[in-house]
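See the structures that follow.
Two complexes come next, and they have one chain in common, chain A, joined by chain B in the first and chain C in the second.
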Partner chain A sequence: MTLTLLRRRLVGSIFVLLTVVIGTFLLLEAAPGDAVDAYIVSTGGDAGMIELLRHRWGLDQSELTRLANYLWALLHLDLGQSVTFSRPIRDVILERLPNTLLLMVSATALSFGLGSALGIYAGARPGSFRDRFLSIGSLALYAVPGFWLGLVLIVVFAVDLRWLPIGGIETLASDKTGLDRAADIAIHLVLPVSALGFIYLALYLRMMRAGMAEVWRLDFVLAARAKGLSRRRIVLAHVARNALLPLVTMLGLQSAQMLGGSVVIESVFSVPGLGRLAQEAVAARDTPLLLGIILTSAVLVIFINLAVDIAYVFLDPRVGASEADA
Partner chain B sequence: MSGFTISRRTMLAGSAMLLASTAMPTSGWAQTPKKGGRLVLAADSEPRNLNPAIVASNGVFFISSKIVETLAEASFDGKDGLVPRLALSWEGAADGLSVTFKLRDGVKWHDGKPFTSADVAFSALQIWKPLQNLGRTVFKDLASVDTPDDLTAVFKFAKPTPFQLIRNALPALSSVVPKHIYEVGKIEDNPANNAPIGTGPFKFGEYKAGQYYRLAKNTDYWSKDEPYLDEIIYQVLPDRTSAASALEAEEIQLAAFSAVPLADLDRISKVPGLKVISKGYEGLTYQLVVEINHRRKELADVKVRQAIAHAIDKDFVVKTVFLGYAATATGPVPKNDPQFYTADVPTYAFDVAKANALLDEAGYKKGADGNRFSLKLLPAPYFNETKQFGDYLRQALAAIGIDAQLVNNDSAAHIKAVYTDHAFDLAVGPPVFRGDPAISTTILVQSGIPDGVPFSNQGGYKNDALDALIAKASETLDTTARTDLYKEFQKEVATDLPLINVAEWSFISVARDTVGNIANNPRWAVSNWADTYLAG
Partner chain C sequence: MSPLRRFLRTPEAFAGAILLAALIAMALSASLLFPGDPQAIAGPAMLPPFQDWSLPLGTDRLGRNVLAELFHGARTSLAVGLTAAAAALVVGAVVGTLAGFAGGIVDEVLMRITDAFQTVPSFLLALAFVSVVGPSLGIVVIAIALGTWTGPARVARAEVLSIRERDYVAGARVIGMHPLAIAFREVLPNALPPVLAMSSVIVAAAILTEAALSFLGLGDPNRVTWGGMIAEGRTVLRTAPFLSIVPGIALVLTVLGVYLAGEGIVETTAVRRGLS
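On to the complex of A and B.
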C-alpha cells in the first residue's frame, strides 16, 4: 500500500523536477543581461575581453544548446560548473546546504513545537482571555516582515545587550571543534531561527486552536467526559491529538515557504546558506548555479512532502486506503 | 578631522625618519605602532577571481593588494604621486619606446622563491597585456620586456607610448604575480587565482565562501618590522545594514568602501570609540555622470543638453544625495586630480529660467500638458546615490517640461540595456577616474567603440575635433604638452556636453579608534596595509 504510493509519487516527482528546471532556465534567460554583463559591472573591459569571457563561459552558444547540454549533464548527475565561483556547483551547494537545513529544521521545530503547544493552551479554553491574547499576539507577529523582525532582534540582542552574535553561522576562524563548535553554532542560530520561526508560529497556533475548537464538539469528547476523565487528559490525549493531523500536512507545505523566507533571513544575519546563494546567483545571472539550487530545493520539498504523506498513512489509516483505491 | 591631519603628518615624518636611518629608535614617535592583533573588517562582495594582475578592480584589490604587490603605489607626497614598491625607480626613454624599471633586491615570494625581473616580464606580457581588463588598453603596444639582469626590467613598446600614462597606471595596473606558479597550464584556470601567491606583507590564509577571507602575516616581508598586524579577517556581510551594527557591537573594527551607508554616518560618528574617515580614497574617484543617447533627435541638439545641465542643481545634489560627502563637478576630470584638472571650462549654473529659454529656442515648446517631450531615464543600480540622483533628475527635468520615465533595472540588466541595446535616452552612470584620462575617461566620449563595451561612449556621440584631440594626446610624449591636451579635452567636453558631469565622490571608512595608520595614502583601502596597526 505504502509502496504503491511511494512509486507513484517518485514518478510524478521526475516530471515536477523537469518542469522546474526548464521553467527556471527559460525565466532566467528571459531576464535581460547574462553572466558576463553582471561580471563586467565591477571590472569594465574592452570588446575583445568580453568576447573572450562569453566564449570561456559558453555563453556564445544558443539557448537551446545550453539547455540540452545542461539536461544531458544532469542525466549523469552532473550539476556543472558555476561561473561566479569557478567551482563545481555540487561543491558550492553541499557547502551551504547544511546551514540552510539547520536553519529550516530549527525554525520549523520552533514554530511547530511552540505554535502547537500555545495552540493547545489557547484551545483548551476557547474564548478565554489567554486564547484571545495569544491569537492576536501571534497574528501581529505573522504580519511583521521577516527582515524587520531580524533587524530589531539584532539591534536589541546583539548591538545593545550584546548577548548574542550579530550574524554568521559560527565564530570566524576560531578553530573550535566538537561540542565547542556545536555550542558556538547554536548560539549563532538563536537570532535567525527566532526571526524565521516566530513568523510561522502564528500559523500553527491558529490551526491547532481552530482544530481543537472543532474536536471539542464531537461526540467522543462527551463520551470521554462521561467516562470521568480529567480535563487535562481530555485536552491532551483526545482533543489535541485529533487536531494535530492537519498540522502535519501544513508542515510539508510550510517547508517550501521556509526556504523562501530563508533568503531574507540569511542575508540579514549573514548566514552562508542556499537562500542567499540563490539571490546572488540571480544577480550574477549564474544560470547553472541557480538551477542547481532550485533543483536541490525542489528535491528537498518533494522528500519532505513524501515523508509527511507516509507519516499520515500511519497516523490516519483512512488516508492510505483512499490513496490505494484511487 | 584636524586630529586626523596631525596624526597623518606624524606618521609621514615617522616613515621619513625610518628611511633616513634604520637605526632610529622608534620611541621617538608620537604614537608607536603596536605589533600584533587581528583586524576584522567588513567585505560586501566575494570576487570570483582574486588575481589583481588579471582583474584590476577595487573589489579584487581590497583583498589581494595585501598579498600581491604592484611596482609602485600611490602616495600623497611622493614624486609624481608615487612611492616605490617592487620597483625602486622607473625611467622613460625620450622616444617613448622604452621604460626601465630597477627592482627591489631581496624580495621573496610567499613560497620562498626569489622575486626577479623574469616575474615582471611574465606578468606584463602574459597577463597585463592580453588578459587584464585595464592593461589590455594601456599596454596594448607593449612588444617585449628585456631582462638584462635579475633586477632590471626594460619595457619595449612597438609605438611611442607616453611615460606619464605608464607612470599613472602603475598603482592599479602593475600587480606582479610569480612566473613559476603561472607558467604551467592555462593562466585563467590557475588555482592561485583563488589563493593568490605574492610578495606582499600578508599571505593568503583561507576562504570560506559566504563567511570570511583570512590573511596571515608574512614573517619574511622585505620591509623589516612590517607588517604590524598578525591577521586580517574580511567578514562577508551582504546586508547593507550589517556593517554599522557589527561596528557598534565591536564584532568588526573597520568598514571601508562606504559599507556603512551615508545616511547612518551622522549617527555612527557619535558612537564613542568609532571614527568616520573620508580620506584615503583620493585615487579612486567616482564621477556622477548623466549619459546621453545622442541618437534621440532632441538630445542631439547641444541646446537641449545645455538646458539639462542648467536644470541640475549640483550643490543640492551634493548636499542632499551625498549628504555633503562629494564635490560638484565641472568636467570629465575630477577636481581632486593633481595633474590634469582645469577649472577653465564653460560651466552651467543652476538656472531653470535659462534652461526653459534654451529649450524654447531649440524649438521644443511646451505642450498643453506642460511637457515638451518624454524621455526614458535609466539610473545605474550599483550605488544608492546613483539611484537617488535618478529620482532627483526626474524632478529637475519635470521643472523644465521634460517628462522622464524612470526605468529601474538590476546591474546585469542595466549594463545590457545601456551599453549593448542602447535602450535609453538618459542614463545615470558612475564612471571611475583612474589617475590618467587615457585609462578609462576618454573612452566615455570617443567615437568608434564597439557595442557592448561597458562604461564607454554608447550614446552614438561623434565629435571629430574631440576624437582628434584624444588621438593626439595618446601619442604625445612630452608630459606638459600631453597635460595641456587633456585640459583642452576637458574644455571641449564641457562645451559640447557629450555627457554631463554632475558630481565627484569617493568612499568613507568607519573604524574603531584603535585602528592606526588609516587613510595614509590616496588608495589606502586598496593598498598593502603593511603599516596598519591595532592599538590597545
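On to the complex of A and C.
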C-alpha cells in the first residue's frame, strides 16, 4: 500500500514539476535583456559578436522552440551553461547545494527538536504560567525577521564577544582536514543555523502546544488517568505522541519556506549556498542560472514532502490503510 | 458586551491593538511631522541616538534623520503588507471558490497550479519576479501576493466543498441562478470566515517578505523601507549597530502587533459564533 501511495504522489509530482518548469521559464523569458546582453555588458563586443552569440546559444529561435529545447536538455539533467560562471549550471548548483542542505537540516533539527520539546513542556500544564510565558514568547520570536536576528547575533557573538566567526562556511585557506574541518564548519554554522532555526522553533512550539490542548480533552487521556498512570507518562506517551503527527506534516510544508529563508540568511552570513547563488544570479541577470536554482529548489521540496509522506505511513498506520482504499 | 470591548478585554489583543494603533499613527503622521524628503541629509553623519533632540534617534551613514526614516518606513511596510495580503486573499478566495465549486477538470487544473506555486519557495519566486520586472512598490506587492495566495485558496476550496451541497445552494440552482452567480454571491461569502481568519498571518508574512526583499536591495529604491534601513546600517554594523537594530525593533513590534490583534479577533469571533 505504501507503493500505491508513492506511485500516485510521484506521478502528481511530475505534473507539478512540469508546471513549475514552464511557468518559471515563461516568467524569466519576459525579462528585458537576455544572457547575451548580460555577457556583452561584462566583456564588451560589437553587433556581429552579439548576433553570433545569439545564434550559438540558440537565442534567435522562437520562445516555444527554446522551451522545447530546454525541456529536452532537462531530461538529460542538463540545465544549460551559466554566463557568469562560464560553467555548466548543474555543476555550479551541485557545488553550492551541500552548504544549503547542511544549513537547512541543522536548522530543521534545531527548530523541530527544541520547538517540540518546549511545546511539550508548555502543553503539559495548559494555562499555567510557563504555558502562557512560552506561548507569548514564541509569538514574539515568530515576529522576528530572520535576517535581522542574524545581524543581532553577529553584533553580540561575533563583534562584541568575538566567540564565533562573523560569516562564511569555513576558515579560508586553512587546509584543515577530517574532524578538524568538520569542527571548523560546525562553528561557522552556529550563528546562521540559530538565525534560521529560531524563527521556526516558535512555529513548532505553538503547534505542539495547540495539538496537546486538543488531545487533553479526549477520552483516552481520561482513561489513562483512571488507570493511574503517572502524569509524566500520560504527557509523553499519550498526549504528546498524538500531537506530534501534525508537526511532521508541517516539516514538509515548511521546507519550501525554509529554503526561501535561507536565501537571506546565506546573504547575511556569506554562506556560499544555493540562496546566495540565487542572489548572485539576480545581480548578474543570469536568468538560466536563476531558473536552474528555482527548479532545483522545487525538486528538493518535492522530495522532502515525499519523504514526509512515507514517514507518515510508518508513524500512523491509519494513513496507509485509508490511502489504499481510495 | 460589544465585540470591541470583548476584543479589548484579553491582554494580548489589547497590546496588539496598541501596537497597531501606534504604527498607523506613525504612518499617517509621517508627512506632517517630517515633511519633505526623508532621504535628504538632515545633520552630521552617524550621530548616535539621544544626543541631539532635533534628531532624537540620530543619523545614518549619510546624515539622514533616522526617526524620519522610521516614520516613513512605517508607511511603506503598512501599505505593502495590507495591499499584498488583500490581493493574496482575494485571488486565493476566487481560485479556491472556482476550484471547489466547479469540481472536475477545473478543480484538478487549478489545484495542480496551486501545488506548483507551493513547491517553489515563495521568497525565491518573489526574488525572481522583482528581478525580472524591476523593483517598484506595485511589483513588490504582486511578487509577495504571488507566493501567499495558495494558503487562502486551499482553505477556501475546502470550505466551499462543504458548503456546495447545502440546501440553499440547491435552492439557488432550482430557481435558475447562473452557476457563477451562485458561486460568488451565495457560496463565497459563506466560505469567507476561515479565509479571513488567516489574514493576520498573511499580513505579517507580507510585511516580513517586503522587509527581506528591501534588505536584499530589491525594494522600491524611491521609498524608505525598514528592510532597506537595516541593509544600510549593516555596512557600519561594527561601529554603529543601532542603525540596523532600531528599524528591526520597529519591524518586530509591527509584526507582533499584527499577530496579537489577529489572535484577538479570531478569539472574539469564535466566542460570538459559540465555538469556545
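As a working rule, the second predicted complex is superposed on the first by the 296 of 326 C-alpha atoms of A that agree within 3 Å, B and C clash if a C-alpha of one lies under 4 Å from a C-alpha of the other, contacts with A are read in each partner's own complex, and residues count from 1 in each chain.
One rule holds for everything that comes next: contacts are C-beta pairs under 8 Å (C-beta built on N, C-alpha and C of every residue); 3 or more make two chains touch, one makes a residue touch a chain.
Since the structure is predicted, the reported quantities are computational estimates derived from the model, not experimental observations.
Contacts of A:Asp37 after superposition: chain B is touched, whereas chain C is not reached.
In the superposition on chain A, A:Ala278 makes contact with chain C only, not with chain B. Look at A:Ala143: by the touch rule set out above, it reaches chain C but stays clear of chain B. By the touch criterion defined above, A:Ser230 reaches neither chain B nor chain C.
When both complexes are overlaid on chain A, the residue A:Thr4 reaches neither chain B nor chain C. Of the two partner chains placed around the shared chain by superposition, neither chain B nor chain C is touched by A:Thr65.
Legend: residue contacts after superposition of the two complexes on their common chain; A:Leu151 is shown touching both chain B and chain C.
Contacts of A:Pro165 after superposition: chain B is touched, whereas chain C is not reached. When both complexes are overlaid on chain A, the residue A:Gly260 reaches chain C alone and has no touch with chain B. Residue overlap on chain A between the chain B contacts of one complex and the chain C contacts of the other covers 31, 151, 154-155, 159, 267, 285. Against chain A, the residues of chain C that register as touching in their complex are 12, 112-113, 115-116, 118-125, 127-129, 131-133, 147, 204, 208, 211-212, 215-216, 218, 227, 230, 234, 237-238, 241, 244-245, 248, 251-253, 255-256, 259-260, 263.
Interface residues of chain A, counted against chain B in their complex, comprise 31-35, 37-50, 56, 83-86, 92, 95-96, 151, 154-155, 158-159, 162, 165-169, 172-173, 267-268, 270, 272-273, 276-277, 280, 283-285. On chain B, the positions that touch chain A within their shared complex are 40, 45, 47-49, 55-59, 131, 133-134, 136-137, 188, 193-194, 205-206, 208-212, 214, 231, 233, 235-239, 241-242, 245-246, 248-251, 382, 409-417, 420-421, 440, 449-450, 452-455. Of all residues in chain A, those touching chain C in their complex are 12, 15-17, 19-20, 23-24, 27-28, 30-31, 136, 139-140, 142-148, 151-152, 154-155, 159, 253, 256-257, 259-261, 263-264, 267, 278-279, 282, 285, 287, 290, 293-294, 297-298, 301-302.
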